[in-house]
Each structure stands twice: as structure tokens, then as C-alpha cells.
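A, B, C and D are the chain letters, set down in written order, and residue numbers restart from 1 in every chain.
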Amino acid sequence: MAIEIEPEKAQGPSGPVHAAPGNSKPWWARPAVHTGLIGAVIGYIIGHWLGNLISPATAGVSSFSTGLSDVRNWPLVLGYVFGTIGWLAGLGVFNDLGRLMLGKPLPDAEHAPAGGVAKYFRYTLDHKVVGIQYLFGMTTYFLTGGLFAMAIRTELLSPTYHVLNASQYLMVVGEHSTMMMMMMSSVVLGPFGQFFAPLMIGSKRMAFPRIEALAFWLTPAAYVILLSGILLGGFPTGWTGYEPLATQAGPGMDTYALAFGLMGISLILAGFNLIVTYINYRAPGMRWSRLPMFVWSMFTVSFLQVLSVPVLVAGLYMMLMDRTAQTAFFTNQLGGSSYLWEDVFWFFGHPEVYILALPGFGVVSEIIPVFTRKPLFGYRVAAAGMIGVSLLSFFVWQHHLFDSGINPDMRPLFMLTTELISIPTGFIYLVAAGTFWKAKITFSVPMLFAIAMYFNFLIGGVSGVFLSDVPADVTEHGSFFVMAHFHYTIMGGLIFAFMAGIYYWLPKMLGVKMNEKLGKWHFWTMFITFNSTFLPLFALGMMGMPRRVFEYQRNLQTLNDWVSISSYLLGVSLLIFLINLIMSTLVWRVKESGNPWRSRGLEWQVSSPPPPENFERVPVVLSHPYLYGVKDAPPVADLNPPVGVVASAYASAGLEA
Amino acid sequence: MSEATATPPAGLNADMEEAGFYHECALNGSWTASRLAMGGLSFLFGSFLFAYFYLRSLNSGGRWEGSGYHAPSMIMGTVMMLMVLISAGINYAAVQRIKAGHKKAWQIGGVIALLLGLATISMQIFELLNLPFYPASSGFASVFVGFYPVFIIVVLSAMIWLETLLARSRFIPGIAFVEQPPTYEEAFVVQRFQASVSGFTAIWNYLAVIAILFWFLFYVI
Amino acid sequence: MAESQAPTAAAGKAEPNHAVRIASIWLVLAIVADLLIYFVWQPHLPPGRMSDNARGQQFDITVMAVLCAPVLLGVWTYFGYALVNWRRRAGDTEDGPPIEGNGKVQAAWITVTSLIVLSLAAFGTYELIVPAGAGGGEGPVPIWKPSGVVTTAAWTPGSTHTLVVQAIGQQWNWTYRFPQFGGMETTGLELPINTPVEFHVTSLDVIHSFWAYQLGVKADANPGVDNVAFVKPLQLGQFVVRCNELCGIWHGAMFDYGNVVTASQFQSWATSIQTKERANGTLAALPPYATTYDPTEISQLGQAWAKLGIVGAGGYYYPGPQTGTPGDPVSP
Amino acid sequence: MSLPARIVTLLVAFAAVVAGAVFLVVNYIASSLPTVHYVASGGVVNVVLQEDPQNNDPSNPDWVSYYVQNPQTKQWVHTTLFSVPKHTRVNVTILGYDGCTPLRNNYWSQVQGTTGSTVTVQQFATVGKPIDSPTTTKMINSWSNCAVAHTFAIPSMHLFVPVPSPNTALFNKDACGVSPCTSGPHSQETFSFMSPDHAGYWRWQCFIPCGGGFLDGNGGPMQTIGYMTGEMEVSA
């Protein structure tokens, strides 16, 4: 035994005990959104000043290479970077880091969110608060992106006349696409993933609540930075940010790279936390074979995020370095390559498509057993499908580059991998088909949205097979056909699933019901107008209309006008949703505390909204969540297990000593 | 169910049981997190690795290095790589000591590792500001100027982590590393600290490998 | 279809055989749809029949539609049937039959989808390789070329020699160079009928994409890269050329029209432009024909600058690889 | 935090969001450019444009820029939007005050799409002081002489016109420094074309990579309406 000379201190092993930062300070002195804003402004000013300071240092570089960009990017970029840091500091994100660096213990703030509404405007560590924050944040981002979409359709009402001029049109296209792509990656993973991750696996906590809350609070920063691009003239590249056009572009391009990069970091952090939570924090008895399907989808999506998004972040960083530090990653004449961007971007970009698709599969797979009153058919197949999709998605990115001249001899291989991915995707349909067999289907609003998701995604998936085929892709690539295809998978798949999730889980999350009648109105208008908006786009693409153009052949006007008018009606439908959401949650507030859908899901076994610690005791999971119709099925979990059951499920040296 | 048939240890109450459960979760979580972080970082660094080999093989405009190319200082590069390597080595050796209860030894080793890491960062910044080429002068220059700031940020984060461990270790009696502390709470604190140290060691060793790899790319070949 | 073999084990006594019913409905629908697609829709499917590639793509799209329609109809029939027949009746609070899986159905589904997918991939590969890249860009060194290609220094009508056309994308217009006609350059595109054409697509600035819609040709125009695509026009008439990759503010307006004309019409068109450009000095002013151009390397420019003693309004372009160290005065 | 305080906070936050949105919309509307309308007299429209090395308007980037002359007031307007009647002979006069820049593609040195495929060029020491007599040419080589400053092109009409730079020696001595330029060495180029037969919008642009400081000279003014690119509206 080693002899240690350690002064005996009258303190706990974790250092001096500090009084938890209680509510002693007045509200305005406690970190929240307003201090975050102040921090952001201060940070921006510091960054801007610093940028101006180092601009001359790189001016020699700039004059040497003639400057890849005439715009002074340093002050802007550093302003935004420091502004974001200031925003987080103002929110109090770094307070705990400071405590750690001083060796102080962390206050347990996870389960004691202060105040009523105010906690939603703070850096709150409770995953349930984060889920609600995400829910309203994502809805806002989605509707903002939707407004841009309607602006696009307004311009396309006429083949020649311009409501928006050419650069405004590209600005709107860029804002819409980037907003949707970066934000909608979290549209399910944010609200439902964060809220239900511990509830569904029977845990009282997340692995890293600080990382989780940080992931959310990066999204408003990304949102504001992206929108600020409008004031800077927008960016001309759409969401794909193709080089070297991006190097040529004005300061709006910096907002694209920064916003997307911040959102990328948010995705990495959120996925990281979820993976660690799912692996380690499952309740005793929550075996991998009992994991709800939604958790499987979140688990696989998280892996995609943690592994593929760093590549995007690296690519965006290279873009920013080209624009500020005057490197030449993407400039052909200076030893770079525009192909590098295409490869790096799509290496992220294809997994991104499944980051958007898989959560949708998870939500509907979770919902259909409840409303068919049957077990999920082929549980293993469903899980295998999700794993298969996420694995394969790393090996298909070159199909975005079939006509680019990059490795043309690899096209048969990528055609094969791309088409192979439809096999695991097809499993989702096998599972649904089996579950519907001789079912007792209830047409509740969530179920309607789930069925619509299967309908829409099928069209999106089958059109994807057309795109994966190189000869057919020569006609379809980069046209409105592609646009229609991925709107069918993302909007038709993911957003419909998101809606299903809201109607299904909102009673759980907030303890209030959504209005059923408005919900049905919302569903039917959205389903019809969605299809009426996007189905004609397949035809437009086939008839030779490229994406992102503001002028098109005159003979395509009728179809385009049809689409535009449908898109306005789709907007009206979403307005119904918005009214329903706001009125149901803030005004009508029809209480729902029980289990309105008679679901076996573990999250439904506690009261609504869930108690602060989710569960009174660590539950012991006894069976599968989908055992509907099984005679003598054991309850899904023992919520109040006798002492010792949990302890025997793990081996702790400390307890057995 | 097998879970329901086990006999509880004597004197166990529900709160202790739960604390033990989440303690165990946190220990495992620490292991998972550090390995997962390595996976994510590998893809981040992999992007630069890809950029390096892609631009090198394309040699577009004949300017992978260019005709008037000046190599970055081999001496500085090697010293920086070695400092990371030694820092990781010292930390690794010190961690073996703390397992034997020599807290002081680990603390000294940790401080040296921390200082070496910070010295690397400073030296790297100095090198970036005094390069013999402009960032845009070649593909090589771009990858070089692009990669090292990222590496600096990652190393800096690791050093902050090491600093928090050093700060925390002050409040843990050295005896606790070899003998069961009197209360579970104290035992948990020690075990979590150890889990964190082991996670850090894994990441820091991993970063040392990355440092060698990119040193080889940028300075040797 | 796999779902037509869905579990029958749980079928009740008086219940109809759902699987047979669904399969029959599906079979009728699928046959009708496939016949309609193949015989009625095919001639009208894009991108038309103007070239060998266009015909290949039309056939390709038809075959896939014929394969996909039964899949779509199968899923729709099944779910339609399910939604109609297996609704929960009012007052029924019982759960459905607890079917957690069925090995045969799952195996059958996986087998069938795998077969469909693999056959599609095989078919697509054949359709890509045999017609020489199917009109897509094949990079600088195409490995799938049309058979019997003969490229000569001069092109003459009546021969089966390949016509070489370079499509140059620049913000925001396409120009075309004809190396077999003295390297003359035009803004309009005319092609001779029944002649193999070899497109060399490149760009002077950002990434564009050359899309001759009716010809079924699409190849990205990358700066500093030669992207080759083949086509053989088979019908006279006009075709649209659009830029298919977002290339900046006027991307949407970067389109033009080309014509497929007879070989002799083409010959006289090309020669007249060659003559005109020789006369007004354009041919002499153009850089020699090359597969790619670096717009920042202008050999005549040094002389011009020396003569004028100035640096242009837009500044000089990139200097050569520098030999000095940072801090040295910059010399253009 | 009391309930009234919370409500006030929410209201303030809401007001801030609304104010932000209004600011964006106002900014967006304020950024739209004026259009200069040309009307036909005697079946002919006379369009007068000017190319300046720098735009001195303090509210905008100081990029190289086109200006359009208002036919009534003879004032130079900082815009690149103008309208002409359909199916009319358009006589264009371009005053080139900017020095030469090499073309990205020297093919654009050739004059195309004008009446007779020619342009008429004359050099001036300053306004009203010609230093040579007008010459008519089919091509102005941008590479061998560095004699082209910008081009004026309406691609969908197949109209491509190189615009010469002023006499180099004079330009180096006293180039116009204040825009819109009213004195200093410049070139004057005239050409004609028939406006299209139907109403609509025709974009026009410069093909010289004159966005100095941007990658390949193609950013900034080249991609910004109001500088080196714009739209010609053809009215019915």
C-alpha cells in the first residue's frame, strides 16, 4: 500500500461543497436568452475587431495571390465565431466548464429546472425541456424555410417575368434549401429523440445533459447566422455550396459555411450524446432486442451524424479557410481542386439523406403497432433494415457525381450500391405490410400521417431507383425530377412522420391534446396539396427543367403554375397546423394525463407530462413494447421493482465490497 | 425473468441501488464516449487525409508543391511531433503510477504532459505565422495551413480536459486509489475520476498517433 | 410480389383468402399498367428519340417503369385492401392477432427485392457500357467508346468519321469549338445527322453542366477538366442546351438552342463560320485548340503588358509558383 | 420572475422579432434598382451607357460599374436595368472610361449580333476632344493589344460586343476617378441592333473577368445586378 501524505480536509471527496446556484439572484442577472444576446453582441464586436486586426497580416497573402475574394471576410467570420461563443457564454454554457477547471463539483441542475416558462429560455439541462425547446425551434425553422419555398414558387409562376431578380431568386433558393437541409436533420432527433431517449429506454437521465443542451442552443445561432445572409446579399450556390462558385461569392457565402458548420457541430453533439445514452443507460432488462423501433432509428441516425458530419464540418472549414486565410483547397490553378469539394461534400451529403429519412421510419414504425393493435411484424428485419441503410449510405455518394467526370469507371459499382440500399429500405415496407395484415386499424391523426408517410416515401423511393440508374440519370440528374424525388422522401417522409409524431406524442410531452378535428383538416389538406405540389415536378424534370432556374420553357408554364398554386395551398394547410399547435398548447389546453392511445410504449407508462425524474425508480423492463394481442403478455416494465433487482443487473465493485 | 430472481445484497436500499446503477452507467459511458470521440475525430482528420492524397495525386496546375516550393522546417515539425508523443508517453506512464496509488506521481506527470501539450500549441501557432510559403501557393500549403489549426483546437480541448483532471485530483485523497473509501459516494467519485483519466489517456494517445501520421505526411514524404 | 404470400396461418374459419384476393387484384392491375407503359407510354417518354442516347434512355426509363409499376401497385393494392378491410369496427376494443413475424414471408420478400434490385443494376450497367456511356460525361479518358470510332484531322460529310465538338462553359454562356474546322468557335451549335459526335466539355471558371436535353447528353463542365461524352443524332430538328449545374446569377438564363441538320448543311455552316473568323482575325486571336484552358495563363498578355507598361484594371492573374519568401515585394 | 414581467419579456421578444422581419423586408425593398426607360423617336431608340473603373456611391461596394443615362434628364443613373420598345432599332453608345483587362475567352473579341456585325469606335482625350476619327471594326483583340475594357453582351440575342479601353498613355495619366465620369480619357463605341419582337426580359452582362480581387475575376460586380450585369426589358 502506498503511503500518501494528504492533508486531511474537512470536505467531501469531491472538493469543497458549494452552495448550488439557487434562485437567489434576480431573473435578469441569471443567464438566459437575454444575457446570451448581450454576450453575442459583445462577442461579435470583439471578433470583428480581431478580424480587422489580422486582415492586414494576411493582406500580403491576399495581394500575392490576387486575393481569392475581394470581400473582407475575416471581420465577418471571426465576428460570427466569437459572437456564437459569446452567445453560449451568455447562456452560461461555459460556467460548468469553469467550475471543472477549478476542480469544483458540478451542481446537479439536471432535474431541477427553475421556473415555469422561463426554463425554456435558459440553458436548461433537463432533456424534457430540451425536447420542447427543439420542438418549437424546429417548427419555427421549418416554417421559415417554407416561406422561402413559397417565394421560389412565386417567381416560377411565369417563365420570363421576374418577381425576384436573378440574384434574389438564388438567395431565396439558397436560404430555403440550406435552412431545410441543416435544420430538418434535427426535426425528429431534436424534439422526440431528446425528449424520449431516456424515457423509452427506462433511464432517468442522459449521459451528457450539458452536451445535449449545447446542441440545441447552437441551432438558434445557426438560424440567425443563416438568415443574416439575406442582409449580405445571400449566397448563389444553393445548399450544395459547389466550388469554385463559393469562393467567388460575396460575404453571404460565409453565413452559409458558418451556419451549416454550427448546425453540423450541433448534430455531432446530439448524436454523440444519444449513442452513449442508448448504449449505457438502458434500464435493466432493456435488451437490444426489446429496444423500441424509434430508438433503433435514433441510434443508427446518431452514428451517421457522429461519423459523417465531421466530414462536412471539415469541408466547410476548408471553404472558410479559402475565403479568409487564402488557402487554395478548391482552386484548380493553385493546386486545389473543385472535385475535392464535391467528394467531401457528398461523402457527408449522402448519409445526410438518410439522417433525414431514418427518423421518419422510426416514428412510423413506433406508431403503427399502436393503431393496428398488433405487434410490429419482423422486429429484427426492421432493425436490420435501419442498420443496413446506415452502413450502405457511406458507400453511395458518387451517385451524385455520375455526370461529373469523376471516376466514371466506378459508376457501375455505385449504381449497384445505390440500388442495394433499396433492399434494407424495403424492409420498412415489409414490416408495415406484415403489421397491417388482419389488423384493427384506427384512423387517428397520427396514424393517418404515418400511412401517408408510407405512401409518399414509396414514390420517393421508387423514383430514387430511376435516379440510381446511370442512363436514366443522364436525363434526370440535376433536374426537377431529383427535386421532386427528395422532397417526396424528406417532406413526404420525414415531415409527415414529424407531424405524426407531434400528434402522437404531444399529449405525452406537454400533457395537452392536439385538436382532433383541426388535425384531420390539417392531414387531408396537407396530404392532397403535398402530392399536388410535388407530383407534377417529376413530369417537369422529365420534360427538361433543371433545378434552381428562374427561367424555363414556355410550354412548362401550366404545370409550374399548378405547382405554385398547390404550394400556396400547402402553406395554408401548414397554417392550420400552426393554429392547431398554438391554440392547443397555449389556449385550449385540453388536459391529457394518461395513455390516450393505449400504447404499450415505456414512455406511456408514466404520467403525462412525465415527472421531473421520468421514473420514480429505475424500472426493470420485462418485455417487448409491441406485444399487442398477446395473451398473458407481461407488462412492459416493472416500474417499482423490489430493492436488489436493479443492483443485481450490474456488477459494481463498490456495492459488493 | 433472471433479473427478478437474484438476491439483493444485505443492507441495500433503493437510493443506494439507483446511485450504483447510474454510477455504473456513467463509468461505461465514459469508456464509450472516448471511443466514439475517436471515431468522429477519425472522420474529421480523415477529411484532411483525403484532401492531402487527393490533391497530391491530382497535382492540378502542377502545383501540388510548385516549382519554388520551400518545405516547412523539419526541425520544428519533428520537435512538435515529439513533444506530443512524449507528453502522451509521460501521461501514460503516470497513469500506471496512479493505478498503484501514487497520486503525486501522476500529478507531476500530468503537469508535464499539460505543459508539453501547451508548448506544442504555442510552437505550432508560431510556425503557422512564419511559414516559408503562402497559404495559396500550392495544394500542399493549403492542406498544411488548413490542417494544423484544427489539430491545435483538438489538442487544446484535450489539454483543457487534462487540466480539469489535475484540478479535480487535488480533492481526491491518494489513499482512495488503492483502498476502498469509507463511503460509496467517495468510491464513486474516485472511480469516475479514474474512468475520466482513462478516457483522456486513450484520446491523448490517439492524438499522438495522429500527430505522427501527419508529421509523416507533411515533413517526411 | 412477396406480400401476396403474406401469412395465412392465422386465417379464421369463415374468412376469405385475403392473399389470393390481393394477388388477383394486383395481377390484373400490374399487367394492365405494364402493357400501357410499354406500348402506349413508351414513345412519349422523355427524352424522345432524337439520338442513340435519347433512345437508349427512353428504353431504360420504360424498362424501369415496367418493373417499378408492379411494385408500386403491389404496395398500394395491399395497403388499400388492408385499410378497407381491416379497420377497427366501432365498439371493438380487442387487439389484432399477435403475428410477430413469418420466416417464409420475410425470406421471400428479401429474395424478391434482392432479385429485382440486382437485375436492375445488371440492366443499368449493360445500358451504360454498351452504348458508350449512355450520353453521360465520362471524364478525360473515356473507357466506354462507341465501336468503330475514327477521328481524323478534318471531318468530311459522307464519311463515318467522328465529329469533335468542344463545349466550353463560362459564366454564363456556352461556346463551341470545332478542332476539325481550324479550331473555329461559335455560340450556336449545329450537328450533322447520323454522325458520331464526341463532345469535350470543359469550363473556364466554375462548374457548369452541359445538358443537350433531346440528345440525351449530360456532362459536367469542370474548370481544368476535359469531360467526354458521345452521341449520334438520328433525327433532324432543334434541341435545347441548358446549363444543369448552379453556376451563379444567370444560371437560369444560361440556355440556348442547337440544331441537327444534314451533313452537307452542317459542312457549309461550319465552313462559312471558319471563313468569316479567319477573315476578321478571330481564328488568329484564339488560343490553340486544347482539351482544357487555363484562363489565367495568357501567353500574349505578357507582351501586351510590356508594350503598355500597365497592369490591367482587373489586376494580374496568379503569378507563377513563387520563389521568394513572404514579405518580399510582390511583383506581377 | 413574476407573471407580468414574463409577459412583458415575451412581448418585447416578439416585438424584436417583428422589428427584425420589418427591417429585412425594408432592406429588401430598398435594395431594388431603378429602371431607365427609353422611348422610340422616329423608329429609333438611343441607349447611352458608361463604364466606370469605380463606383463612388458611398453606400455600395466601389466596384467597376456600368451606368445608364436617363434620356430626359441626361443624368447618369447607377443601375443596369433599362427598357426599350419591342421591334425597334436600338442605337447603343457606350462610353468606356475603364482600362483594359484581358478576356477570359478571347473569342469575345469578335463583334457579333450587331447590324453588319460591326462596331464604330473613337477615342477621346476628354469629353468633346477626339484624338482620332471613328473606325468601324469587326473585332477588337483583347489579348494581343489589351485594348478591351469590358464587353456588352445579350447572350440570348447572340449579341456580343467588346468595348475598347481608352488610350493607355492618357488613361495612365489621368483616369477618371469620380463616377459617374464626366471627363477624362475615354473611348466611344456605337452599334445598333433590332430589339426582339416580343416583350420580356433579356439579361445582359460583361464577359471580361473584371471583378478584380475575386477568384478568376468572376465574382463581385460580375454577379451583381447594378454593376457589370443587368436586364434589358423589352416593352410591348
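Convention: a contact is a pair of C-beta atoms (placed from the backbone, for glycine too) under 8 Å apart; a residue touches a chain by one contact, two chains touch by 3 or more.
Since this is a predicted model, take the numbers as computed values, not measurements.
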Pair sharing more residue contacts (C-beta pairs) when A-C is set against A-D: A-C
Most central chain, judged by mean C-alpha position against the global CA mean: A
Intercentroid distance (Cα basis), chain C paired with chain A, Å: 32
Distance from chain D to chain A - Cα centre to Cα centre, in angstrom: 44
Inter-chain centre distance, chain C versus chain D - centres from mean C-alpha coordinates, in Å: 36
Distance between the centres, which are taken as Cα means, of chain B and chain A, whole angstrom: 28
Residues of chain C whose C-beta touches two or more other chains: 205-206, 224, 248-250, 253, 255, 294, 296, 315, 317, 322, 326
Interface hub residues of chain D, defined as touching at least two other chains: 203, 211-213, 216, 218, 223-225
Where chain B touches two or more other chains at once, by residue number: 60-61, 63, 66, 134, 137-138
Pairs of chains found to touch, sorted by chain label: A-B, A-C, A-D, B-C, C-D
Complex interface listing, chain A residues touching chain D: 27, 33-34, 66-71, 115-118, 160-162, 165-168, 227, 230-231, 233, 236, 244, 247-250, 331
List of chain D residues in touch with chain A within their complex: 1, 5-6, 9, 13, 24, 27-28, 32, 63, 200-201, 203, 211-216, 218-220, 223-225, 231
Residue ranges of chain A in contact with chain C within the complex: 60-61, 63-66, 166-167, 169-170, 236-238, 240, 242-245, 248, 332-334, 338-339, 372-381, 401-409, 411-412, 415-416, 419-420, 422-423, 426-427, 429-430, 432-434, 436-443, 451, 454-455, 458-459, 462, 465-466, 468-475, 477-479, 542-544, 546-553, 626-631
Chain C-facing residues of chain D, complex: 53, 64, 98-102, 104-107, 109-110, 112, 138-139, 141-146, 149, 153, 155-156, 158, 160, 165, 168, 172, 203, 205, 207-213, 216-218, 222-225, 229
Interfacial residue positions of chain C with respect to chain D in the complex: 168, 170-173, 175, 185, 187-188, 204-206, 248-250, 253-256, 277, 280-282, 285-287, 293, 295-296, 298, 300-301, 303-305, 307-310, 312-315, 317
